[in-house]
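As written, the chain order gives the labels A, B, C, D and E, with residue 1 at the start of each chain.
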Amino acid sequence: MSKELAARFVKRFGKKVAIEADFQWLADRFSITVLFGPSGCGKTTTLRCLAGLERPEEGKITFGKSTWFDAEERIHLSPQQRGIGYLFQDYALFPHLTVFRNIAYGLRGVSRAERRKLVGAMLERFNLLGLEDRFPHQVSGGEQQRIALARVLVCRPQLLLLDEPLSSLDSPIRKQLRTDLRYLLIDFDIPVVLVTHDRIEAMALADHLIVLDQGRIRQQGPVAEVFNRPVDIDVARIVGMGNVQPGRIVETNEGLATVEVGNRQLTAFAPIPLAEQVYVCIQPEEVILQKASPELSSPRNRLLGTIKSLTHEGPTVLVTIDCGFSLVALVTRPASEELALTVGMPITALVKTPAVHLIPRS
Amino acid sequence: DTREKVEARRKEVRVAVAANFQFAFEEMAAAFREEYPEFEVSPTYGSSGNFYAQLSQDAPFDLFLSADTHYPRQLVEQGFAKNEDTFLYAVGQIVLWVPNRSELDLERLGIEAVNDSSVKKIAIANPTLAPYGQAAEAALKKLGVYEAVKDRLVFGDNIAQTAHFVESGAADLGILALSLAVAEPMKERGRYWVVPLDTYPPIEQSGVILQAAKSEKATLALRSFLTGPQGRGILKRYGYTLPEE
Amino acid sequence: MDWTALAVTLKLAAWTTVILLVLGLPLAYWLVTMRWRGKFLIEAVVALPLVLPPTVLGYYLLMATGPNSYLGEGVESLTGERLPFTFLGILVGSVLFNLPFAVRPFAAAFLSVDRKLIEASWCLGESRLGTFFRIVMPLSWPGIFTGMILTFAHTVGEFGVVLMVGGNIPGVTRTLSIALYDDVQAMQYEAAGETALLLVAFSFAALCIIHFFQRRVVL
Amino acid sequence: MDWTALAVTLKLAAWTTVILLVLGLPLAYWLVTMRWRGKFLIEAVVALPLVLPPTVLGYYLLMATGPNSYLGEGVESLTGERLPFTFLGILVGSVLFNLPFAVRPFAAAFLSVDRKLIEASWCLGESRLGTFFRIVMPLSWPGIFTGMILTFAHTVGEFGVVLMVGGNIPGVTRTLSIALYDDVQAMQYEAAGETALLLVAFSFAALCIIHFFQRRVVL
Amino acid sequence: MSKELAARFVKRFGKKVAIEADFQWLADRFSITVLFGPSGCGKTTTLRCLAGLERPEEGKITFGKSTWFDAEERIHLSPQQRGIGYLFQDYALFPHLTVFRNIAYGLRGVSRAERRKLVGAMLERFNLLGLEDRFPHQVSGGEQQRIALARVLVCRPQLLLLDEPLSSLDSPIRKQLRTDLRYLLIDFDIPVVLVTHDRIEAMALADHLIVLDQGRIRQQGPVAEVFNRPVDIDVARIVGMGNVQPGRIVETNEGLATVEVGNRQLTAFAPIPLAEQVYVCIQPEEVILQKASPELSSPRNRLLGTIKSLTHEGPTVLVTIDCGFSLVALVTRPASEELALTVGMPITALVKTPAVHLIPRS
């Protein structure tokens, strides 16, 4: 049975704000679609439209054979009829019910014993044992988030909408839940639409990535592709592309292009469509550093420069290099110590051809 | 300014009037104003029980026309009035009353009307409160129908409320004051049969001039008007018998 | 002490409260959730029974339900009973008269329930009705409770409408407050004092128990 | 139509509402925030005026404030005026009688304000009083509004207490509802009908305006 | 003027839960203290006690010369009297006030023009321009968080308590705000206590780190020290120490210890106090990978092993190596490609002596 979620709608708030969505994908079995974008771009609104909590002004939403929404035919199924699970960004736990009863809320027509079992399993899975009889205001923020997650999952909905499910969790639990969540969801075989603003989370969880900006879908596709090959400068900024520099293509040859950036030349795959003016994008982790050595001719892009600054970021170090233009590289701390990186020292940066991504610039 | 007010007070009689006496008193007041244009009469109508409670707290009235003799006597006993200032001003009568649309032939049936099968509820004034209620109860007993009607009685808190019950058709028959039955608003709406006077103790209504009366002259004038020939004429027309001299 | 009057009073107050709970909750919810721009009209109508003196309201009610009115005829042909001078009659009057004391606090309480919780319940598959019972009602409890307390206490103390529609029949429509009123009117101040004291003491006890119980429920 | 009675009524209702706003808000807030375990006692006391019939309450009030009572003496020596049979007197009675209609909805509304918002206000340096005015009150608006509506409407319709304490003095203590009551008692049905219609129409208009205005404020 | 914040208190919830705090530090000028710990460990509770929102059962809190709380002398200043700024974990925006009036809420006795200016500056700084007249329910989650932050900062409190100030923000804004926040706070010269569950955020922001677990302070000190040298196994787990293995010290010599882990030997600085049974902790990024080569004698710890698994985590790759015991290494993606890492291939792992941290084990 192949179910497809197809959504194409416009939701307006007043005259200024409009959220446009247009995507579709097979949702017949487990897969995670991540909505990714800056704060206020319309992620929550899109989820709410899918859930039936918000009624778009135009368009159509279908899931498998059933039409959830159709502006023209005035169809608008209620959230109950859609059989979805929705995790609210601010949890929305019921303040008058205990943790146990919050989680059991959606279990209707289930025997007492069965309910105990199902909820108990969730409590264990989410590390909430011992909190059953507390009320939501008596547990911490992260505990609340896990309770909300458990409450949604225990009902086994046919489509899961998660609005930043892990944002209030500490790193170890978060990491664990991130993996667990995938297994859990695979277990339950439920397709998921997930909102996150965390790049690592998106990479770890997503099968399919949709980048939103100012209410519009800017790019969608497999995660790696979207992150490494943003279609335009805005998407590049949103997915946190570390190096974006204007450049000019001076030559193309057999699908390879030579780009001039600053006063240096780089080789890259030619962009489609071809354009002379381009942005050159390089992920910082794709830049490899070596002790400075005379420039050799080689298929690789080899750039000699000097280190401008070093920024420690947890286990990694961001190295800004001046090599005619400003280039940021990411290395691990020991690697940086190994190379004895210091500000002002000369260094060679290597970038492989496929790591240089060109975006046409108008 | 205050002096003018005091002057005005002197000329104004504030009268607390028992509700059942309202219709008669309105005409009385109009006639009095014609006779004594220098005096002003401002009546307040209400339940005698309320007035009693209020007067015992120095309510601003000069004259109290009660629905019975009990309240004025109490006021005298408590020192709010002198015994010589109480006076009997009217004696009430009761009637059986049915609205026009009723099919009961009161003329023919007389008191037997209460036993008619169409009479499901009979309204009387509350005997524990209203003199007219006591009279009604006494008359029913004396006429030997009380046991038969006992369970069909409903009680109005005063004679006006009792009238509302019958008039609305909620009760089929009522025992009202004659004064009410002949008064303007009720005259057109129903028929009545006068209950014989000897079946109940006389419903004596007495008035009293309060100790604190501010406009003594006017009050005295009103009192003598009330009990004088003109007043008696009006009383008679409104269905009161006159207190024996 | 008039025990039958006490019994009638309690019966009336309890029934009024229950009926207004059953009628008032949906009415209030409907008022809160409806989107019609003219709904302030309905809200105003709900508050109207208040602005007429009880006796006057009672008078009109008597007129409206008497055997000569269509309503009265209808009721009589349906139930074989007249509304005036029956317990049913004073109950109807009492319910009408107390409508605003129940509906307004209910509506105010519903208004303050966080919409997100309602949405969360829908998304967990609970129907609108189920959500009302499982989320909206428990969370509006202070307001619902207020409406019930006001209704109950006010019915105990009411006598205008009840007297007018009920006709003060011992054991049927004579409530304690009518008895008390009669006592005061008849200058039976001692008896009145006793009745009043008992009424107050009894109500005080009842209110205390309810409040105490309510604290348990909420906290 | 008795215009002076209308004026007295409006004056009484407006003053009662204002005074109960001033007295009732702090009382309700105090009730909600106090931690004393016996506070249900006070809550019960607040609801007590309701369980006595208005006339009886009026009678006791009359006794308590008459010139022979300590309270009456005290008030007289303070203000040079007696309470019974003055506007001040019916105002006091009206305030007392309406206390629960104001305080209970206020308290219910305060109860439902999210405590976190109050804490946030404190942490932004706002005093408890300031927080009450800037956060608690605006957020409890539906409940406060309910209390005000109930008080206002109920004062307009009240006549038991007012009649007893006020003595039905034209231009001073005769309200429209007393006048209406008198009309009905005197079987002046047409006059009564007119007065009632006017009262209802007027109140309806007032309620509509208030409701309409309130919608503007809240949304 | 040297102000010191000294807190030593116990806060209990019922019989089971107790939060104990005991720390002090100079707060006379800008510095950020981070409370770090798993969900439900008592971070929020500690902040609330400092703010005066919660009254501890025992202890004392002083700030400079003023006593904020003293259980014995029954002193308990109100939040208003403490002059702190508090950012709630769930924002606590006032729903009936516009964004502008929310931010301006704490500005009392300030002229209209001045207020416009101050709030305007905040709106700009936090990227909120254009939202002034919206109500909180009309803006997105991340926008709400920024509004809450602006509302607190605009009052210039003398101590700032932030409960997860950046958790709802998308990566780019978050990164930017993280840097901005530091500058902003330096600007305002306000000492800060900040709660976060994000390791990178803690590293980027903290001057001083306090690790909490189950209501107890487990370790405190400079960030790098706490992260690299956890005092016990629990702290190691909490700070996300990637490699923790039981070992046994077989020899100590001039402050250097030789530890046996699995069947390998490693050199490390001897732990204080000295113990035979230890845990060996190594941060994954401290492990350097090289093509497998015969083991040479060298001052370094050189371990030959085979790759068990590769996990991609954004720009980095976690490599699990079986070298007698299980060792996890973190490398950048290109580095992993450079070495052509595949599961099953032999590899040499290098760990410098100072990177091996020993925790006594009982």
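Methods note: a contact is a pair of C-beta atoms (placed from the backbone, for glycine too) under 8 Å apart; a residue touches a chain by one contact, two chains touch by 3 or more.
Predicted model only: the values in this text are computed from it and were never measured.
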- Query: By the touch rule set out at the top, what is the minimum number of steps from subunit A to subunit E?
  - Reply: 1
- Intersection of contact partners for subunit B and subunit D: C
- Query: Among the chains, which is located farthest from subunit E on the basis of C-alpha centroids?
  - Reply: B
- Express in whole angstrom the distance between the two chain centres, defined as the mean CA positions of subunit A and subunit B. 90
- Item | Distance from the mean Cα position of subunit E to that of subunit B, given in whole angstrom | 90
- Euclidean distance of C-alpha centroids - subunit A vs subunit D, Å: 58
- Chain-centre distance (mean CA atoms) for subunit C and subunit D, in whole Å, is 19
- Please set out, as single numbers or ranges, the residues of subunit E touching at least two other chains. 90
- Query: If you look at subunit D, which of its residues touch at least two other chains?
  - Reply: 55, 59, 139, 184
- Note on the structure: Touching two or more other chains in subunit B are residues 50, 53, 161, 164
- Query: Each pair of chains that touch: what are they?
  - Reply: A-C, A-E, B-C, B-D, C-D, D-E
- Task: In the complex, go through subunit C and note every residue touching subunit A.
- Result: 114, 116-117, 119-127, 134-135, 138-139
- Note on the structure: Within their complex, subunit A touches subunit C through residues 51-53, 78-80, 83-86, 88, 90, 92, 94-96, 105-106, 108, 151-152, 155
- Item | List of subunit D residues in touch with subunit B within their complex | 55, 59, 62-63, 66-68, 82, 84-85, 163-164, 167-170, 182, 184-189
- Message: Under the definition above, what is the set of subunit D residues touching subunit C in their complex?
- Response: 40-41, 43-45, 47-57, 59-60, 100-101, 104-105, 107-109, 111-112, 139-140, 142-143, 145-146, 149-150, 153-154, 156-160, 177-178, 180-181, 184, 192, 196, 199-200, 203-204, 207-208, 211-212, 215
- Note on the structure: Per the touch rule, the subunit B residues reaching subunit D in their complex are 19, 22-23, 42, 44-46, 50, 53-54, 56-60, 158, 160-161, 163-164, 183, 185-186
